[in-house]
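So that you can tell them apart, the chains are marked A, B and C in the order they are listed, and the count of residues begins at 1 in each.
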Amino acid sequence: MAETQIPEELAYTAEDEWARREDGQVVVGITDYAQQQLGDVVHIVFPEVGAAVTKGEPFGEIESVKAVVDLYAPIGGNVCAVNDDLDGAFEKINEDPYGAGWIIAIEPDEPAELDSLMDATAYAKHVAERES
Amino acid sequence: MSSAPGSVESLGHATRGLAWEEPLLFERGRPGRKGVDLDPLDVPEVDPKQLLGEAAVREEIPELPELSEVDVIRHFTRLSTWNYAVDLGLYPLGSCTMKYNPRLNEKVARLPGFAEIHPLQPPEQSQGILELMVRLEEALAEISGLDRVSLQPAAGAQGELAGIMMIRAYHEQRGDPRKKVLIPDSAHGTNPASAALNDFECVPIPSGADGVLHPESVAEVMGPDVAGLMLTNPNTLGLFEEHIVRICEIVHEQGGLVYGDGANLNALMGRSRPGDMGIDVMHFNLHKTFSTPHGGGGPGAGPVGVKNILAPYLPIPVARRDGDRFALDYEFPHSIGRLHGSFGNVGMLVRAWAYVRSLGRDGLRQCSDMAVLNANYLLARLRERWHVPYDRPVMHECVLSDKLLEDCKVTTLDVAKRLIDYGYHPPTIYFPLVVHGALMIEPTESESLEGLDRFAEALLSIEREAREDPDVVRSAPHRTPRSRLDETRAARKPILRWQPS
Amino acid sequence: MRFIPHTEDEVQAMLEAIGASSVDDLFRCIPEKLHLERELDLPLGAGEQTVLSELSALAKRNTDASGHDWFLGAGTYPHFSPAVIDTVASRSEFLTAYTPYQPEMSQGTLQTIFEWQTMTAGLTGMEVSNASMYDGASATAEAALMALRITRRNKVVVAAGLHPHYRDVLATYLSGLGCELVEGERAGDGRSAPVDGLIDGDTACVIVQQPNFFGCLEDVVGWAETAHAAGALLVASVAEALSLALLTPPGEQGADVVCGEAQSFGLPMGFGGPHLGFLAARQSHVRQMPGRLAGETVDGEGRRGFVLTLSTREQHIRRERATSNICTNQGLCLLMATVYLALHGRHGLRALAEANLAKAEYAKARVRETPGLSLPFSAPTFNEFVVGLPGPAAEALGRALDAGAVGGLDLSAYAPDLGDALLVCTTERASRQAIDRLVAALAGGAR
């Protein structure tokens, strides 16, 4: 397995999404480990801006050439932004999963829900368990 | 052959030859050129715009080329040389049964009495083809141990759809509609897709550590809301489901039915019959087991066979005997309906019947015997140097993995591409999903001992290359007119047609 | 057995390498009680000469178009097929290859699919086409499923003129999903009557066939407006693909999906199959399309090549959430149609379509002037039309057969309200003399 980046400051889901608080919103993307597993990302099915999402439920899909997986909401709320810049430039997810490769932003109903996600240490352990 | 022993050339007999770059049809030709001379019109000419109105008549179609007959035949003949095919060599795609396609089949399918007949002509004008269909139905029923067969489904996937629809209709008819279908984790992707077309929820069942399904795992998920179980036997690991009788009992005890995916019937003919195992309904892949050509991806044919309890649900019409005549039978009270505009891919049925007649009861059994012998022989030749995830006697196919090549950072995909350089089509790769980096190899009965030996040597040679010179494997293929194609680019910005400038 | 190369010695050597004592030994993994302890109840195998003679005898018991004038169409058309088509389709490299899983050794098949997709898009007036479906009926059913996915609605409305077998197949496919299927009525002129009253907010698509089952040309523009007004898609189904060379394509008339049957492009009638379904759509709906798609890309050296693409729509990846359970396409049929279209080209195909139209107009004129025969429908037609008869259709067909012709389709089972009527098709293969003979035979003694 190649080195995977797991930034300290983010929260993580078991399905390999990360979440970051930013001005009252929660920005969501997939982890470095997830993009390595998927390979080159070729398409994303985004939710509509304004759509309601539920913690732990799928909000969209992400595709590589050979696989498609659901994207799970790390927190409940409404979608307040989707990353339009990815359209036609999905390689950003592979190149910069925690930065330019962000996928959506959510206006959370209960910001405290984020605390129930994994921290970087727990997520690193979660990744290691699946690799062994 | 003058190539050095052990060289790439010596193992697959692939060498270099001329290959011609061939542009798209639309980039060839000249205005005014034509490839047909139509007969002069023997009736008065009409003006379409006057007759049908200006708006109803189209302008020129820029996507159609202007070519002579010579241009056209050269174009397609050149394109053909960029394909690999069974007629060029071993084509070991697992679960696809790429056996030899006898040319007699092609000849008989082109007889005007089969090729130039119409599905809506009355039965008295089509007694010959109806008799052929009845005989094929009867032969498939006998080979599978089932009671009735409908030849209508146009492909295995459609036969499977028919089967699962019958299971749904059966439960509904009994006032006991059910919601779930059980599918082993080694199943082909069409199984869940067909179940979903019937609004069934798919419940996966894990295979055991020995690669087969165990009665306990089925019992655990089987219940009164389960319509049935879909399984493939031998399964996609090439292993016979040895607990199948007990598994079918468990499903039947709770009122469920068992669907058999017939993809791997080539292992069983004359040896064992799905109907005797407890299977209630299965499809046949005539393009696999019964030698009809794969045609670059179809047309196939996927007849569906059933036990008597499901016969009332068969897709209509079904050909049947009517005294010494042959007729089309629409009298199936609970039929799921029609699946094809006519009677299915009849041209493939003609070929399959020619095959059944050519082999007969003796040849069909010999065919399965040699298919199983070939797979086990390859496994015996390869098991020392290749990882065999389920190392036990197989039936008509065997599965290897790339596990032992991990250190050299060579993957199954690399091995597949390197096999091309040796002149072979690669096996089915990355399937079944239960094996990481699977290579699923089905040699079929068509391959001779020396052919199998060369193929085994090629895989052993690639295994050595992976250790000694991994780059040559990772960057393969080197000998094809195109090197590895960029599938990511194709999917990110799809170009699905040529555009007129 | 001539297809199996093994000699006795080789079998022994192989068994030894495996460590098995006999071939029976290889089947030990099958539980004892499942061994078939008898021979299959089938004849022994036979050599090529015997098999050919048996099958030839069966073939001779069918009435075929090589020895008859042929006016029976209704979804399967008796067109002429140039020799080049069968020559190309017989090439081993096309015939005995499988789905192009390995693009580096399947460029022949992939480029052909790309060419087919291009020409189909052009013919239908759509942006993208897939790599073909089983037949026109299942392509129409798949188009409806696609509309259900796109609109997330549950009802399909079909115009009366849809081929009854297409409608039946559609009903079968929809039954599994619990979707509603409603059908309009036929108008007096042979077209489909408007279905405004049947369309509602849950209607995913309206399906109209062009030309319709009775050969009549529908007002596709009007149908598209009706469908779109309710937020539904318009699916145009084309059973006689040659009409696309002459008529304004449904894609230019507002259709969202154009599907149908391309058997007319060089495929034998073959008792109804294998034929060639097609399906074309707008680029914006491409990810909801069923079936294989070939796309252009480059190899490691930047050279153009083709691959199967957007595979994540398909069953082998998306499994129960796939856009269809279809695994392959009708590869060889697609090849034949692509060769046919390449040969006829831009002008040949149009000239052929105009010839079909002219033959039908000539035949209709003869019918019109013949006592006892009539043209019950006034709507314009392409190469197929309904003829009213002086007596039972079965008798008229009997007279036609005596005169050497398979005269058309007896409509009594399909449209009993028309009384004694036949659906008659005239392709380029129908000579003027053959048409004259048919008209006389159908009229019989009614003069």
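As a working rule, contacts are C-beta pairs under 8 Å (C-beta built on N, C-alpha and C of every residue); 3 or more make two chains touch, one makes a residue touch a chain.
Please read these numbers as outputs of a predicted model, since none were measured by experiment.
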Contact graph of the chains (line, ring, star, complete, other): complete
Quick note, more Cb pairs in contact for A-B or B-C? It is B-C
Per-chain C-alpha mean nearest global C-alpha mean belongs to chain B
Per the C-alpha means, the centres of subunit A and subunit C lie apart by a whole-Å value of 45
Per the C-alpha centroid definition, the whole-Å distance linking subunit A and subunit B comes out as 38
CA centroids of subunit B and subunit C: separation to the nearest Å works out as 20
Contacts with two or more other chains occur in subunit B at residues 487, 491
Subunit C touches at least 2 other chains through residues 311-312, 317-318
Where subunit A touches two or more other chains at once, the residues are 42-43, 63-66
Per the touch rule above, subunit A residues touching subunit B in the complex are 39-40, 42-43, 63-66, 88, 90-91
In the complex, subunit B touches subunit A at residues 430, 487-488, 491-493
Within the complex, subunit A is touched by subunit C residues 287, 311-312, 317-318
